[in-house]
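Here chain A shows up in two complexes: once beside chain B, once beside chain C.
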Partner chain A sequence: MSDAIIPALPRPAPPRRLGHAGFWLAAAAAAAILILALRGMGSEYAYFAATFVLQYVVLATAWNILGGYAGYVNFGAAAFFAAGAYTTVAVGKAFGLGLLPCIGIAAMVGGALGLGTGILTLRLRGAYFAIATLCLSVVLQTFIVNWSYVGGSRGAYILRPRDVPFGFDSYGGYLCAVVLVLAAAAIAIARSIEVSRLGLGLAALRDDEAAAEAAGVPTLRLKLIATSISGAMMAVAGAPLPYLGSYIEPTSAFGLSYAVNAIAMPLIGGTASWAGPLIGAVLLSSLQQAATVTISSAANLLIVGVVLVVFVCVAPRGIIGLFRRRR
Partner chain B sequence: MSDVVLRAHAVGKRFGGFTALSGIDLEVRAGERLGLIGPNGSGKSTFTNCLAGAFPSHDGSFTFKDAPLAGLKPHQRARQGLARTFQLPRPFRGLTVAENVRVPLSFGGRGAATMESAMACLESVDLAGKAHRMPKELTQVELRRLELARATALQPELLIVDEAMAGLSHTEVDQILALLFRLNEGGTTIIMIEHVMRAVTEFSQRLAVLVAGRKIADGPPADVLALPAVEEAYLGR
Partner chain C sequence: MDPDLALLLNGVVSGLLLGGLYAAAAAGLSISFGMLDVVNIAHPAFMVLGALIVALLWAATGLDPLLLSILLAPAFWALGAGLYVIYHHFFERRGDEAIQGLAFFFGVMFIVEVGLVLAVGPEQHFVDAAYAATTWRLGEIDVPLRMLVPATVALAAIGALALFLRHSFTGRAIAAVAQDRDALRLLAIDPIRIKRLAFGISLAFAGLAGGALVVVQPVDAWSGHVFIGRVFAIVIMGGLSSLGGCVLAALAFGVVENVTASFFGPSWSPAVAFGCLLLVLAVRPQGLFGRMA
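This part shows the complex of A and B:
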């Protein structure tokens, strides 16, 4: 826009953002570099740790689409995550399908679950919505515990295929590459939403739903889109879980750590941008992984709690907020 | 299409056992400047909320541009050209001033959602210079202007301005009035809900008075303000 049309502004315009194609290319390049680096290390634990971290990148990014962009705090992240994991178990057992088709089906199951949850709960706001999503987790866990086909309360064992696809040196490496692609895709989707008309509408309804409606924003429709996308992506994050540990049972799949981490990671990184959940997930899950190895796995939630309290006090807008003067 | 842009017929609204509006009939012609006044609690904002779709009305009906509004959600009414401002400014606090205006431009479906359009809207309310600021950096009068910019970005046929002058200084009231006159000259029909009598008498071609949820007067400002019933409603016996 030229100065001849618009009067000079007292502050400079915001910096240009990277274009969609450029962003996808940068994400793909970062993914390729990470895979090559991990392959260079040649350690199964390195693959496991990277998969663990990347899984949380997908989960936190997915949560942030509804919780951060739209302002609807979802306490039921574990339900969607476990729905994805158990879709892999059920579909794998019923049709003998491999990981990739299971991820696709998990996305559909999570999307449908998100849409259903949205239809039932999105007239609620604040604490009422949060409690409703928490209930979803309880209901779904009860259902899984009583569904013997997927192992019920005993859990189910998943054997990794002997053949390692696409020339990977191990199934752990393949799994890590798949989750890395999912993480890159999740970030790209979140970033696309953020700069899109949908993102603008979600930001408006997050700030003031009545004012957004008065400005022509179809708030209910946008919320349903957000719950569906967020639900689908959270289920996708959970879909590789049975292959990661070769065993899955309801208590761990619906574990509190997934629900807490899904919320804490975007809050620590910053909910206003796609980069916030990425930073929060990498930081917190790396810290948890390090604590598991050096101290004990029981220290995980303690660490999350302490870091979350510190950030709520010191940087309520997360790490991203510390670097953004205007917001 | 008749020159009546809005027709309210026997509109009623209750909150539990309390009747907030009862039998309100009102017609507003295209291009008119109507003042809607009444003491606190008389039902002005309830009427606005019923008209904008924020509250469902229990009785009666609204017809906008010869089409019934029943069953339409607030965003659908906004897209049809019925815009409102809020009594207390309600900016989208996480968005810049320009992004605030881009919301109705993007979703109103009545114009291009470009940065140029947003800047044009902001220029019309003298806020172009603060396009990249956050709402928390604006003064009270600038927030009122932002409310107006957001409403006018919908390119409305009818704009309801709900107490836009409240708490403003004499000069600031004049600034908002000048803006509203400019919008009206551009063809926008305006209903002004206001307690600042200087502003409402200066602006309105016609006054309607609500008292305790009922319309007690409707006509030229001088005639309406001279009515004993109106005087009694404002000053008591």
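This part shows the complex of A and C:
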């Protein structure tokens, strides 16, 4: 029986899963459908509310790339966000550029800021990075307050251009479409990172950094890449802000509500996948928009705080985790 | 005397007094963050809670604010012990305290601050201690009692805490839990009980620092934010678990901040101080007075 052939076990079918290109196309299609739907509604408030929600989708997704995939908490989301917003103000004033080039430059500024903070603190593990990002926010705010070119503590006015590009019916509609495209791109980037080698490496160092390092994962480099991408995307989220309200001042741009929301949204949705921040951001920011309109703006922050504490205590895997456990 | 020199000396002296206040705020954090490894970023929010309660009680009773804050300490101790029980139950026991625990304290900070805004309003509160208007003059140097008294009380409290940690059995157990909690179990001491006790002490110090703060300056619900970076900076610069290093770092921090404020204007002082922290983190993460880990 020496020549008996043991039949090879049939190889298990690989799990069906969209490729990168497929996911990007799906995200683009979803964005296009949403733009058309919003145009159908055509009300300025719908545009404003949608822009508000989508800006948080970008911010939360960006935070999750470092916080969720790599496990490093960034309390300075507001700093990156405001850096983006003030890049728009400064570049727009200096060179008279429109919104789109400003977004590109904001991405570079945010990426550089993230890389710098990362180089300073990411060699240390644990809470040091989180504390440094808290300080970053204070340092940046001090600089903006003392920088009179962008309005200092008085704030700056940004006038929306009179002519609306690409045939939109109003500037609010154009702004909303831009932020929508940004949100779709952010989600697609997050998904690409999640399933790539970078995402695997980040997950390894999140679970056990020493073991990952011993297994040959270049932890410091991966962390720096993640911090830069995350910082760039947060700045991009903030870049359209001056046009949204036509006015910007340091206290609100560096407001704690951005920092707390950027953390609360992914944690409530679930940090392990791209869908978590999306779910969390849509839920929480719609809730806040509703609470601001119906109750008061102080109460809506209280709601976020309570929801955050309840979720991290009771459902540490977020909403997605709740559904996965039941299945 | 040369006016610049006088300005510098005044800046240094009032910086030292300010540093005494910072030391009180940082000492509590040095216990929770430095010794227990609980990253309590809500610490300054509890300090502000203490400050506002003292302000309200002062308005109602007219007692000395620092006395009131010492009387409040047991209540804050109980609050801290309760908070630690929740933290331990949901995070430490499960072993994922890193992100979730940080987010928990972030949420707690938010609830405290917004709760304060809703309860006492967003305006500034202040107290008028009996000695607040007096200023001693030593030559060219002004020593306002409004700052000297809180700083002295704070440093005395820290001294008492240091004696407690050094000489009592429980105090030594707290120092031990910072190093090795399993070894503590072998000595038949419950590390959870010790940590609960220590976290309570940490919050009691937050309340005390709040009482000192409201004597020095008016306080509103959001005043804690400026302190988050400051107290963490001081604790890290002081080398995490060393109380002496913490006090020295606090005094140095107060001087740097105050001298910057008197020469370049107060709006620059936060940036310089936090620049110091970023530098310390980058160059000497074990702190200026800490030992190599």
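Rule of thumb we're sticking to: the second predicted complex is superposed on the first by the 309 of 327 C-alpha atoms of A that agree within 3 Å, B and C clash if a C-alpha of one lies under 4 Å from a C-alpha of the other, contacts with A are read in each partner's own complex, and residues count from 1 in each chain.
FYI, a contact is a pair of C-beta atoms (placed from the backbone, for glycine too) under 8 Å apart; a residue touches a chain by one contact, two chains touch by 3 or more.
Quick caveat, the model's predicted, so the values are computed rather than measured.
In the superposed pair of complexes, A:P316 makes contact with chain C only, with no contact to chain B. Look at A:A94: by the touch rule set out above, it reaches neither chain B nor chain C.
Legend: residue contacts after superposition of the two complexes on their common chain; A:M108 is shown touching neither chain B nor chain C.
Residue contacts after overlaying the shared chain place A:I131 against chain C, while chain B stays out of touching range.
When the shared chain is aligned, no partner comes close enough to touch A:A37: not chain B, not chain C. When both complexes are overlaid on chain A, the residue A:I263 reaches chain C alone and has no touch with chain B.
Of the two partners chain B and chain C, it is C that touches the larger number of chain A residues.
Against chain B, the residues of chain A that register as touching in their complex are 1, 5-14, 197, 200-201, 203-204, 206-208, 210-220, 272, 326-327. On the chain C side of its complex with chain A, the touching residues are 33, 39, 41, 86, 90, 94, 96, 98-100, 102-104, 106-111, 114-115, 117-118, 122, 225-226, 228-229, 232-233, 236, 267-268, 270-271, 274-275, 277-278, 281-282, 285.
Within the complex formed with chain C, the chain A residues making contact are 67, 71, 73, 75, 120-121, 123-124, 126-128, 130-132, 134-136, 138-139, 141-143, 145-146, 153, 256, 260, 263-264, 267, 271, 298-299, 301-302, 304-306, 308-309, 312-313, 316.
By the touch criterion given at the top, residues 52-54, 73-75, 78-79, 83-84, 86, 90-96, 99, 102-104, 106-109, 113, 115-116, 119, 123, 128-134, 150-151, 153-154 of chain B touch chain A in their complex.
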